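In what follows, chain A forms one complex with chain B and a second complex with chain C.
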Partner chain A sequence: MTIDRTMIEPLLEIKNLSVSLKKRDNISVAVDDLSLNLYPGEILGLVGESGAGKSMTGSAILGLIESPLYISAGTISLQGRSIIEAPENIRGSQISMIFQDPLVSLNPLKTIGEQLIKTIKTHFNISKAEALDRSKKLLSDVGIDPERIEAYPHTFSGGMRQRVVIALALAPEPSVIIADEPTTALDVSVQAQILNLLKQLCTERGTSIILITHDMGVISETTDRVAVLYSGRLVEIGKTSDVLQRPQHPYTAGLVASTPNIDPSSFDKKLFQIPGAMPDIDDVPDGCAFHPRCEHARDKCQKHRPPLFDARVSCWLSEKPGGTL
Partner chain B sequence: MSFVTVNQLTRLFDLSEPWIVRTITGQKKRILTAVDCVNFQIEKGETYALVGESGSGKSTIAKMVAGLLMPTSGSVIIDNKNFNDANLEKASMNALRRKTQMVFQSPYASLNPRWKIGNIINEPIKAFGLIKDENDQHKRVIELLEQVGLSERDIKKYPHEFSGGQRQRISIARALASEPEIIICDEPTSALDVSVQAQVLNLLKDLQKNFSLTYLFISHDLAVISTMANNIGVLKEGVLVEQATPNDLFHKPQHDYTKMLLAAAPTLQNN
Partner chain C sequence: MTFIILNRLFQAVLVLLFVALISFLIFRFVGNPVENLMGQEATLAQRAALEEALGLNDPIHIQYFDFLWKAVRFDFGNSYRGALPVAELIASRLPATLELALTSALFAVIFGVFMGIYTAINRGSVITNFILSSSLIGVSLPTFLIGILLIWLFSVELNWLPSFGRGEVVDLGWWKTGFLSESGLKSLVLPAITLGLYQMTLIMRLTRSEMLEVLRQDYIRLARALGLTNKAVYFFHALPNILIPVITIGGLQLGSVIAFAIITETVFQWPGVGLLFINAVYFVDIPVMSAYLLLVGFAFVLINLIVDLSYFFIDPRLRDSELKDEA
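After this line comes the complex of A and B, so read on.
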């Protein structure tokens, strides 16, 4: 998209968010000083390896952080109003969530119609007949025959179930949908269908999406902007094509390079690999969290944590104007 | 003759209700053809990859090649021996089992959580009686750990102390312990992050070169397969719909299903 996002007011604003884990003798930080904006109508990708804090950020927005984890700093606001104190007011109605596994996110004992009608009636003061009509409309929007409204979740395939979950997420007409690995449990062909459907429905309705995934291919094909997380910190953010084609942070560059492409000529070559593994949250190194794995690491990287330069990348290599990898 | 020959391999599963229920309700038998007359060959030291969606029969074939599941008809012949040959003596059966090893998809489920890493890797050595002396066994376990990028320190640890990628390395070390000639890798990296996936795939390539291993590599990810395979078979509902070298398959796909899979695979290049 060519619109300059910075000119628009953000829909959802996360400022300096930290989520911590209290243990007997110390406190570990799972999400560390994270700031993100989500603009109206955009799809923002959150990408990173397991344990990078992607899902934790999603849970924090919805107020689903539970003890021993707690939000230790920062603010989250939706359309300028803070939502951190009373997330119940926005959960479901203004921000809804799509989870990874469509089997466990549906109630197996209720028909999909009952689940849709209940969701609609919770959020809108309308009669059951109207709710039924809306449910049927939603089902046909997500590509399910409305005749199947009385079917139970187990009679649907994985892809169809995820369509039902999308219908449920759209039912309260939210302004933001958080999709946490919505297609990881699905086959590639079904994955493409579901991502296209999600994209199309949200464009029609003007809904913004935060798409959490570890799959660089999904990020590349679905999102407008992408935020790369490492060890609970934002390391790079920007337009998806910029970030993937001209990554500024060595970690982003490593992730892109280690993603295999469909390329028969790559057969004899080795894949690029980032040495080592992401640190445990109890044991995050000083300075830049990525420095032990970074081939460009300098003294400064070991001692001082880099700020976000040019609202794009958190790496000391980008400190000088025009500094590249 | 090729090192591995899979000939008219077929496997049916009986999904019928019990006889008494069928009789009362008047149902017929329900038979699922999971694998239907599949033929392919793998040359020694090469990698044959099977790709397909869930339910296409990839893992059923893997189990039959590994000798964990009997085919309904057809045969798997590895180095001129057949797992299903009733005349095969126990010694040659054991030799065949030693030659074929498997690396499973989930490194969380495929390692016994109550065993130490040293014991897990030593198990095939003891089971096949490869090394009798305990000190030599210990040395061999360390050697195997080093081959997969782990170290002697890890020998006394339990599986839960390792990350997913490290556990998959342990699974690979266990597969190597019996000095196999063919390793069946059933989605070995689909539970791993991309950067770890790259490490494990590179390790598999190195080991193949060093020990001239033959791989049957199963994956749903065409990009992973394109970096690993000499030959690719595309499975759909138990039928091998297309078989080609990566060059031909990716540049000139013949079957509609292959074209669909290629179009659906998310890649970085299309952005």
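After this line comes the complex of A and C, so read on.
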């Protein structure tokens, strides 16, 4: 897609969002001053190591985080209206979410039909027969034989169950789907099918997707834009092709370089590793959170936290035009 | 399905045969029935004749089969005291115990499940903390003390409810019920609470912990993310998933309620089989003890059978795996 999305009104706007964790004697920050826009019809990737705050951001949008975690600052609005006060009003109907493990995402004691009908009847005031028809239609849309509507989840494979979950997420006809690692628990051969299905169905319906993943391959194949998170902070955001081909943040560059490549010419090369590990949220260093692992780190990086330059990258190296890695 | 039922029935019969063996052996270990029946004046010839008549000279396995054959026809012999047939004695007492057990089990299950769900949903609220801490009292006080305290409060001090007996009973021909008269219902309240209080706290704590566990599951998170109402999340998704453990423990508890009604029946002078059993123990009335043991064993086995079979109606995974084994 080549449209300049910054010219369109954002569908979902997250401003200065912070999610904190209250412990007995201190408060640590899991998502730190995060601002993101999601535009109509786009697929936005959220990428980062585990613990970077990707899933927490997704849960925070839907108001699904539970004590001791809480939203400590920021606003989240959908089509200009704040949703942070009453997230239950937009769950399903506006934004729905699917999770990592399809094996445990469905109620084992209810048929997939019962679960679909329950979801549809929650959001639309229609008869049970109509809800049944819609359920069958949704099943055939996700590539499951509608005849199996009375089957229980345990009779389906992991990939098929994730299809059912996608049907459930689409059932309330939301404008945004947050997909939290939707393919991580699946076989590689099934991953592509599920991603393509999700992408195709959302394009048809004009549904935007926030795709949360740690897999750079998935990001490059699926998303329009990508936001890279590190230690709960946004470090780089931009069009997927730009970010992956010309990463401006050393962390993004490290992630790209450490992605396994099946190109035969790279077989004898050793896979790149970013030295060290992401800090624990109790122990985030001053300044840029990445500086202890960054080969370009300077004094400034240790003391001052970099803002987002050019609406693209949060790194002091990009402070002046022409600053390079 | 038929295979599953037959399989469980077979297991149930095995257990009952073993229980019957123990009831049968009571006769051999708790004194000599001839002594009990004839007294000290009887001659040796009279004793021998009675031993022969009672079949005591037959080989032991013949005696056991004889005992079984009589038991399946509800022939447990005559009580040593009063010489009434034991079956009649028990049949006249059973409605009182079953009505008491059923009422207290319903009380325990309804309140236990309801409060368990409430305290799981409203974690940390004032009412939850009150229920949880007062339930500790319910668990730690012995039944007889609870009964006596209730009698003291509601019968002696407030004079609201009767302190003993079953009140007025209505004879339905085959069943004497206390459910149909006001005094019968009033008399039921205190013993039912006494008997069910411990079970209620147990079921409540179980329901609560199962509910908390289920609410952490991913399908609950998905249901919430799909915008389902709290009611749908708790009752459509969560409740069926806590049924198996709750039914298992609830069933076992119903068995114990029947078996351990003895103490409550003694405290409230409730004319049930428990009281009959206690009196039988005082007078070493072995046929009554033996029949009571069989009855309680039968109740446990029957309840367990129903609990076992209920799993297959609740959980489709079990249903399918058993059907696969069958195939």
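Simple rule for what comes next: the second predicted complex is superposed on the first by the 323 of 325 C-alpha atoms of A that agree within 3 Å, B and C clash if a C-alpha of one lies under 4 Å from a C-alpha of the other, contacts with A are read in each partner's own complex, and residues count from 1 in each chain.
Just so we're on the same page, a residue touches a chain if its C-beta (ideal position, glycine included) is under 8 Å from a C-beta of that chain, and two chains touch if they have at least 3 such contacts.
Just so we're clear, the structure is a prediction, and the values are computed from it rather than from any experiment.
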I'd like to know which partner A:Val188 touches here: chain B for first, chain C for second, both or neither. first
Identify the partner contact of A:Lys118: answer first if only chain B is touched, second if only chain C is, both if each is, neither if none is. second
Taking the superposition on A as described, I'd like to know which of chain B and chain C A:Asp133 touches: first, second, both or neither. neither
With both complexes overlaid on chain A, does A:Glu88 touch chain B (first), chain C (second), both or neither? second
Looking at A:Leu62, would you say it contacts chain B, chain C, both, or neither? Reply first, second, both or neither. second
Have a look and say if chain B or chain C is in touch with more residues of chain A. B
Look at A:Glu173 in the shared chain and tell me whether it touches chain B only, chain C only, both, or neither; answer first, second, both or neither. neither
Using the superposition on chain A described above, determine whether A:Met216 touches chain B (first), chain C (second), both, or neither. first
Residues on chain A engaged by chain C in the complex (per definition of touch): 62, 64, 88, 90-93, 96-99, 101, 104-110, 118-119, 122-123, 152, 154-155, 165, 168-169, 171-172, 178
In their complex, what parts of chain B are in touch with chain A? 53-54, 163-166, 193-199, 201-202, 205, 220-224, 226-230, 245-247, 249-251, 260-271
Residue numbers of chain C touching chain A in their complex, please. 217-219, 221-229, 232, 236-237, 240-241, 314-317, 320
Quick check: in the complex, which residue numbers of chain A touch chain B? 49-50, 158, 187-192, 195, 214-218, 220-222, 240-241, 244-245, 254-256, 258-264, 266-267, 269-274, 277
